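Next, two complexes with chain A in common: one pairs it with chain B, the other with chain C.
Up next is the complex of A and B:
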């Protein structure tokens, strides 16, 4: 009898549960998620070369997704869960809390244990142990930042990716140094992977992140080279008379789009890297340049002034349909697509203004200007689509800058001298 | 009274008496044999004469002369006269005897006549009786007939009455039934009306209660919405048209007991941000003021739909 009653009660409850109150929420606060990255504990004696927690906090903040809580706001510096008082962290306004400790090992080895906690739910989200050494603490930090980012957003972190860019240094009359530089995504730890007296242009990553293609004038005339990052080995791609420029690897890595003027004026061609067969895909008396592939490899986006002004077009490689993508402003060039194919980043010049970096939603056609007007150029998008890196001008010199896709977070990268141009963001490297 | 006026009639009466006496004397002396008269044959029944004779009254006894003292006195005086008188007495006795005989004869005759008359009377009486009987019979028959007729009539009447009565009763019954039915119907209608009224009142009360409840629920809905909107950090991955539903269960004091993704937006950051908005809110204080029954029915389990509008993308 009691069981029957219980069942009836449960039934009534389920019946009642059907008509649940529904509350609709259509507005929220468009602000990054606050995260507290507490300095990691270290009892190894000597000072560490890198502040791991600082790097992690900066990575997360620069993504635009998070806001790292300043250490001055922290009430305590716990290094493990047992030392955490969630109420304190809730008061400081942190939604998430990252704590960790580093333990010295043999021969400069370091073990890093970290825990990510959800302050609001008072629950551990993630916990890992990372092995590193004193010289690779920055890599470890980027790795941990990637783990945190992915745990909280579902997107793969891009903090362990790299960028390449070209620097030009005028050493005197007719004496310049052009360098192809490789750096962490935040511009840290740059190193030169190619140095030349002649201009280096248009670096491009292969989709597997192991090779770079670029244009070098080292032979006196422009030629396209491919360089292996691990070995430094280079090879020159078939060179044609006239302009050879703007290489772009296809997503499958078997083809390369490029600009050749061998038939008169600059046109887009696709070179089969296996068979060395060349295929011309544009045919117009105006300039067609700056090709890039759509993520699915089925079409090519390029810049053309066939409309009287530079605008961005999309050519379907299957049916050869041509579609103009940009209409706003009198100058739209150097288009780059996010990996989901939805957003097009570009150099944009609004009517009566200077060059800016803008992003266009290809789904809705909406265009948003992300940077102040200046001489911005060469946007390149992080593989997870969160940040656009680009070249800007500061004090008459080119510098690197980055902006989150929504324009909310902007930052400049350190400049160690020279005129910095044409950054290119790597794909995921691990 | 004038004697003269009666003189003549008295004379005539005396004369008539003498005549009648003379005629009777003649009759007494002359013919003793009564004249036989034929008696008409009548139909008669035998009757008990004795019963009749009993009915006849016996003759009254002759009065005894009571004149002893008077006669002893007179005897002395009259002894002389006795002899004169003896003769006279003898004549007188003779006359008396004659008279007696005549008287006797006349009495016999009278008796005879009386008997005849009696018989005649008897026969007549018999006839009369018979007639009377017949008549009585007739009368009885007629009476019976009338009675029968009356009975029939009565019965018919009774029948009619019964019929009428039955009819009346049926009518009355029908009327009563109709009345009862009408009454029942009226009662039923009244009951139905009362019920309808009660139902209406109940519904009205229910509606009013429901409206009050809806109003409270609506208030709480707006309150929850406002709190959540303040506490929802829209993630960078949010896009217009995304939708996540978070199912929450509250405690009576408004605290969030459980929260889970009821329907995913497909974007992990979006889903997570929705949950965090609920966890950040932690407690819906005004829910604690709500009537516990209403809370149990409407507010314990809530679905919060996160559907951003007006985002850039």
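Up next is the complex of A and C:
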């Protein structure tokens, strides 16, 4: 009986960790813009595998900038401008209206025509035709959401991007299962990239979004691997004695910064991925780790405790000038820069408190704490620079959460079993 | 014997310098270390105070020795209560050149993962240095760090964290 119970528990754990993560917005902008996304017309006969309009509405709502009008509040379901009575939509309170229709093509092809209207001005804002097929309707929906988001906010949408993250399930004494997972930005369509009984750490996207670097202990020791997402083919890049960790691709994709302790203690190296030449970048008896590149590729930002506690430094790769970037708090680590290089997101511990995610404006020096204090870590910035995804805890379990750089928008991605951690947001993929 | 003592003193000195290098951590985290002094038994209160109590190095005695050594937050200094047992392990390794061990360094879950991996390695290296100074050969010792990836105890709070900041000494061959 006990064995049966144990088995059931194991099954539940497995199912829990594999279940899809779903974005739950906990805080949006003060007055999110109401937008009505009307179900798209379809005359193709068979039922569609995805509800494109619903996915677009979810994307917009989950960004925290918009409030998607429920279908039950809609008085009609127009699919083109000629069917729209703007007065009906003013009544619902919608500022914007998205209508569309889907037309079947040959061999499973689908054309999607959509129009975005300003309800108050009774003006068309945007109109496009998107070619897709029945198996990629979710991608088409994310693409349309990106277009709408950009037209209305001026910010490039990141709904077509993806995240990777690590899950860990404890299956009993000394028995754990680690997975590297890939999913849409909102947690949908999760897929396992790697599964192991030994820890998996530090996933990092190449700038073209085609490859992942990560650390795996599968051989009994930490080693850095690179895996192609399209083929699953992978390669062991570094496995020296000691640490092999924290891989970070250079912006041009030709080099990788990493941490090795083969010479006695953790130092940052740059590996030329073409010539395989290794160049040591730091030389200090302290811990130097967590490298990341400046967007221009000319310097490396890293964590070091050379001042007695972990702080973030910037090393100019040209003149080897070293600059300390963080001074507030007694623990600042794992910096990540926005694409414009202006903002530094990090793990920050204020004096006498626990760990938070904070952002520092490198131009003014101003530091803003964005999250509650806890065990927050692993910040990763969306490619449009608007939101930071990070690892948090809920009920003793690791969960993913996100906060916008201005602290206005927050969401969490609760999970029912195991730990979810180390999120890494992809670059733009199209 | 005198030479050995000099080396021990040097090792202690190095440990003190090491500690000074990272001495700016908060005092609250130092306090939770005190609660750990009873862990694993056989702990001596001061360096060498009970050295004579573990003079034998045969297998039976080896099984009595502590194999897990604990650390303060963001610190990699071996605590004095572990010295006697580590010296005994070192004597065993010196007397049995074919024996070998693996030192697994760990950290608690606070702070960042890559920094904690580095911290776990530093802890394993601190233990390794103590063993080598006391007669073990470096080639008998393999170190690996798991950082915060393999906690001994799940759960939050000092009670769990203090047990997770550790180095585990495992015999690969005896």
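Methods note: the second predicted complex is superposed on the first by the 321 of 430 C-alpha atoms of A that agree within 3 Å, B and C clash if a C-alpha of one lies under 4 Å from a C-alpha of the other, contacts with A are read in each partner's own complex, and residues count from 1 in each chain.
In this section, contacts are C-beta pairs under 8 Å (C-beta built on N, C-alpha and C of every residue); 3 or more make two chains touch, one makes a residue touch a chain.
Keep in mind that this is a model prediction, so the values were computed, not measured.
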For this session: Could you tell me if A:267 is touching chain B, chain C, both of them or neither one (first, second, both, neither)?
Result: neither
Exercise. Does the superposition put A:184 against chain B (first), chain C (second), both, or neither?
Worked result: neither
Exercise. Touching A:396 in the superposition: chain B (first), chain C (second), both, neither?
Worked result: second
For this session: State whether A:378 touches chain B only (first), chain C only (second), both chains, or neither.
Result: second
Exercise. With the two structures laid over each other on chain A, which partner does A:65 touch: chain B (first), chain C (second), both, or neither?
Worked result: first
Exercise. A:330 contacts which: chain B (first), chain C (second), both, neither?
Worked result: second
For this session: Mind listing the chain A positions that touch chain B in their complex?
Result: 16-17, 19-33, 64-65, 95, 118, 120-121, 152-155, 361, 363-364, 366, 368, 386, 404-406
Exercise. Mind pulling up the chain B residues that touch chain A in the complex?
Worked result: 217, 220-221, 224-225, 228-237, 247, 267-269, 272-273, 275-277, 279-280, 282, 297-299, 301-313
Seminar exercise, completed: Within the complex, chain A is touched by chain C residues 21-26, 74, 109-115, 117-119, 121-122, 125, 143-147, 149-150, 154-156
Seminar exercise, completed: Within the complex, chain C is touched by chain A residues 170, 176, 199, 201-202, 217, 220-222, 242-243, 245-246, 259, 261, 265-266, 286-287, 289-290, 303, 305, 308-310, 330-331, 333-334, 347, 349, 352, 354-355, 375, 377-378, 393, 396, 422
